[in-house]
Amino acid sequence: MNYQKILENIYLDIRPYEKMGRQADYIPALAAVNPDQFGICIHTLRNDIYALGQADTRFSVQSISKVFSLAYCMSIIGDDVWKRMGKEPSGTAFNSLIQLEIEKGRPRNPFINAGAIVMADILLSRLDNPKEQYLRFLRSMSGNDTIGYNETVAISERSQGYLNAAIANMLKYYHNIDNDIEDVLQFYFLTCSVEMSCRELSRAFLAFADHHKPFSFGDVRLTASQVKRINAIMQTCGFYDEAGEFSYLVGLPGKSGVGGGIAAVYPSRYSVAVWSPRLNDKGNSVMGMKALELLTTETEESIF
Amino acid sequence: MNYQKILENIYLDIRPYEKMGRQADYIPALAAVNPDQFGICIHTLRNDIYALGQADTRFSVQSISKVFSLAYCMSIIGDDVWKRMGKEPSGTAFNSLIQLEIEKGRPRNPFINAGAIVMADILLSRLDNPKEQYLRFLRSMSGNDTIGYNETVAISERSQGYLNAAIANMLKYYHNIDNDIEDVLQFYFLTCSVEMSCRELSRAFLAFADHHKPFSFGDVRLTASQVKRINAIMQTCGFYDEAGEFSYLVGLPGKSGVGGGIAAVYPSRYSVAVWSPRLNDKGNSVMGMKALELLTTETEESIF
Amino acid sequence: MNYQKILENIYLDIRPYEKMGRQADYIPALAAVNPDQFGICIHTLRNDIYALGQADTRFSVQSISKVFSLAYCMSIIGDDVWKRMGKEPSGTAFNSLIQLEIEKGRPRNPFINAGAIVMADILLSRLDNPKEQYLRFLRSMSGNDTIGYNETVAISERSQGYLNAAIANMLKYYHNIDNDIEDVLQFYFLTCSVEMSCRELSRAFLAFADHHKPFSFGDVRLTASQVKRINAIMQTCGFYDEAGEFSYLVGLPGKSGVGGGIAAVYPSRYSVAVWSPRLNDKGNSVMGMKALELLTTETEESIF
Amino acid sequence: MNYQKILENIYLDIRPYEKMGRQADYIPALAAVNPDQFGICIHTLRNDIYALGQADTRFSVQSISKVFSLAYCMSIIGDDVWKRMGKEPSGTAFNSLIQLEIEKGRPRNPFINAGAIVMADILLSRLDNPKEQYLRFLRSMSGNDTIGYNETVAISERSQGYLNAAIANMLKYYHNIDNDIEDVLQFYFLTCSVEMSCRELSRAFLAFADHHKPFSFGDVRLTASQVKRINAIMQTCGFYDEAGEFSYLVGLPGKSGVGGGIAAVYPSRYSVAVWSPRLNDKGNSVMGMKALELLTTETEESIF
């Protein structure tokens, strides 16, 4: 498959969408990003790499980090993760408290904010140096030791994070947070603040695409079955209330972030990361979604 | 892959579950079925067939027919289907009116009852002889001309179908049903009343597993892309509020019915149908779910 | 208190509101009413009557009949009414199914549609000739034997009454309707179709204002305590999701109807009926609400 | 009316209920209260006082303070209060976030926690010394300068107040809180921590029963119309999701607190306070509710 040629075609085809949508602007650091950027990078199991556009520009991975958190939590406590949250799609917006109240503090899945806040609580309880170990895991996965948190972004998000604070308080009320609420929120926002480029992100997601190789990054180890199940969660829950749409149009497991990034995997073939800051009204990258739709359409490759 | 051997192992391994759950009993015809039955049949793209247990006993396919309805509707009006309903998982029980009211009469997806009732309305409007043509399509897909409706079941379900009648009335209120409510409900229940065996059902689903062959059964024709997209909908919406669980444990697109049947596909490999009447509290077959979980675990084959 | 003078002042003061709001138009018979009408009539315990405007023009009482239905049901089965429904304000629109589903088919109170449909079911079960006896009761209360149903309106409402049919089906699903759904709906719409003038309606409501006299109209008899409790229900539930607003601005127990009528009582003093077809977005008469607010403000009389 | 005799009869009649229900125990200070206490005090407009039981024992007024907060807020900003919250009954539990999210941070009414937290924000913004001035107002209303906060209770409630913190964060998210969240919560819990006896509370509520006298307590002044409207809010919203039940059984405007107190008014006649710590499952005092029901039944006096 000539992926480079396909990427170039996609690049032309998505032009009409380049001014659609609006970037996230609820904190200054995200609002300051030039919205008119686009990067994409495919990383195959044979270690071929195909990149285009601003594939080396780092951006805030935001909710994409929820996949790393799930991998880390499953490596530590395995299926006990599901004692604290479900694995069903939410059917509502990513930050809704309604479902959380109806279901008495049990988040629908690990990829909505409530679930990720509980995962932050798990990591805080189980790791000796959560901040360092989490970063070490991400550096190991992406093969790049310069990856880091953007603490300014993390602090800025915390100061505006009223809805996440409401979620954390409700989780605490229902005894689904063990640590201090403030500690959990700060660690949660820190994990969201990680900055990676498409090239680094596709490399990091390669391990999810390739369950034939051992998933082993420092102290984080998963079985092939666990890797496949993380993909399954991405498939059903990776795009908030647009998971069905993404599954329908793209047909790959993936996870989006409000920074405009999307990481996806085609199991046993490749991983791919795409980035463009302008978001649709569901909070997913307009050009990112379109590029991935075109990718699986043109290659006629999808999990279905 | 020695599927026959694997099926035999599965058959032993699911024994401990054989008395778990309860069959549907809301109408006499379903309540009268012997609950202690189990059948399974795999149909590969090479046309190898592996069967075990009561694989030739016919049962009420019930909601599995929603997949056939979607295929039929897409062949007639294509993506216009999505003007009438969404393609997102519902996050709530299959027959909830809450979501339908909040979303003003637009069903979440085609595989909840509200969506299937709208599809019944579409078929009634578009087909000259809906009852005959629908059956002809199913007979063509399953390669068996003796397949038929069980009209006693259909009438019995209609007479007890208060919740579906509530749904149909609400759809009508929001102008999402064109035909007479009673006609739509009767046709909807008729499509649910079709009886097929695991062998017939796996044969019928083969066309969803094999998008490389033309999908063409009488007047029903779909593109490869459409077939894949129907699989995507099965993946995210096929098991009501247990879609995530099935995706996690089994990792195949599929659809369950309250009669105890489940049909699933492993794209480009095989289709599979399993049947056992006892249901879990989500309305899905206990042994059917377990058998499929063991199948993808033992074969180490899943879409992820 | 010079009520006639006060009514005249009110008549002047409400002029600025005379073109605000829109009359109900979901059935032709209601849409055909001249919207620019206003009538009001006060009936005191001393039998003084003060009328103004189109106080003798009959209109469709619609939901005001729910008060008569509650009186009838309580006279037959007393507090057993509350085994079938609650007496709490609904906090949502009058025809919402959401609450009904969450609360498993138990209507919030007798003055939302679901509650009134259950009351229609009770009357159908308990009365020998429900249609005749209900009318006889209303004629007795209003002291006028020419009051009648408008069967054209009833039939027209039934034919468009999809949401009420959805409600009735859900009630049946939860075993909160004993009779045939269609019979219940037809009787429900019949009770709504009664036509009365402000003069007749205020006379009919006098018995709710005066619990010192025996409440006895043919076979319908209530204790003083029951009368007061019906007033309490009117106070908290009489105006759908505007009950608090009416209580705040007017301070009297009352009940509104989509035909533009409002009946209210000032216990131990008077009853009052007002009518004007233009409705606000909550479904209550704009000028009717305003007139009653002015009435209690100018007289400085309210239950608080 | 011989109220003393009636109180004595009530005292006998409520005996069978004396072990029903459970006191609030979510903080140690409330859990430590002897649950088997009962006090009641009626204060008439003629200044006759009728007391029985532990009418001079102080208890935590908790949510009853919401009435004082509303009075204070209305005296400062009048009907602008309703720009920040509604005046409709909530139809759900006092601390639900569901409605608050659906209605985008606008509390249903001032007597649910969300509304009272917004009122705390208003008072913090408008008063120079909120803590002192609020207490001064309560001392003035109850004619007793020894009334005070229980700061231990306030601190204890704050430390456990995860749900209220969730509410406050959601209000802030929707821009319905101006001050620092923590300041608002602390002041809110402080106002709840006020301790008063039935005698003091009935005296304080006398001003709500008597709108003919000027409502003037230090800098807090209300018109007769405002007093009556506060009563209207108590009537429709004073008992969380049991407002209809209280209105039905008792027929007086009132407000309950989780400390087991209830204050109510019979306009133009008397105010009454009752206290007994054991609560029903709606959070209202079992014996308190029963005593007030008997009071209006035996006296045959209610607003209806």
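As written, the chains take the letters A, B, C and D, and residue 1 is the first residue of each chain.
Everything below uses one rule, namely that a contact is a pair of C-beta atoms (placed from the backbone, for glycine too) under 8 Å apart; a residue touches a chain by one contact, two chains touch by 3 or more.
Just so it is clear, the model here is predicted, and its values are computed rather than measured.
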Type of chain B:chain C copy interface by residue overlap (half), same or different: same
Angle (degrees, nearest 5) of the CA superposition of chain A onto chain D: 180
Where chain B and chain C are represented by their mean Cα positions, the distance between them in whole Å: 47
Centre-of-Cα separation between chain D and chain B, whole angstrom: 55
Centre distance in Å when chain A and chain B are each reduced to the mean of their C-alpha atoms: 32
For chain A, residues contacting two or more additional chains: none
In the complex with chain C, residue positions of chain B that touch it: 96-98, 101-102, 162-163, 165-167, 169-170, 172-173, 181
Partner chain A, residues of chain B touching it in the complex: 86-92, 99, 108-109, 211, 224-225, 227-229, 231-233, 235-237, 241-245, 247-248, 251, 253, 267, 297, 300, 302-304
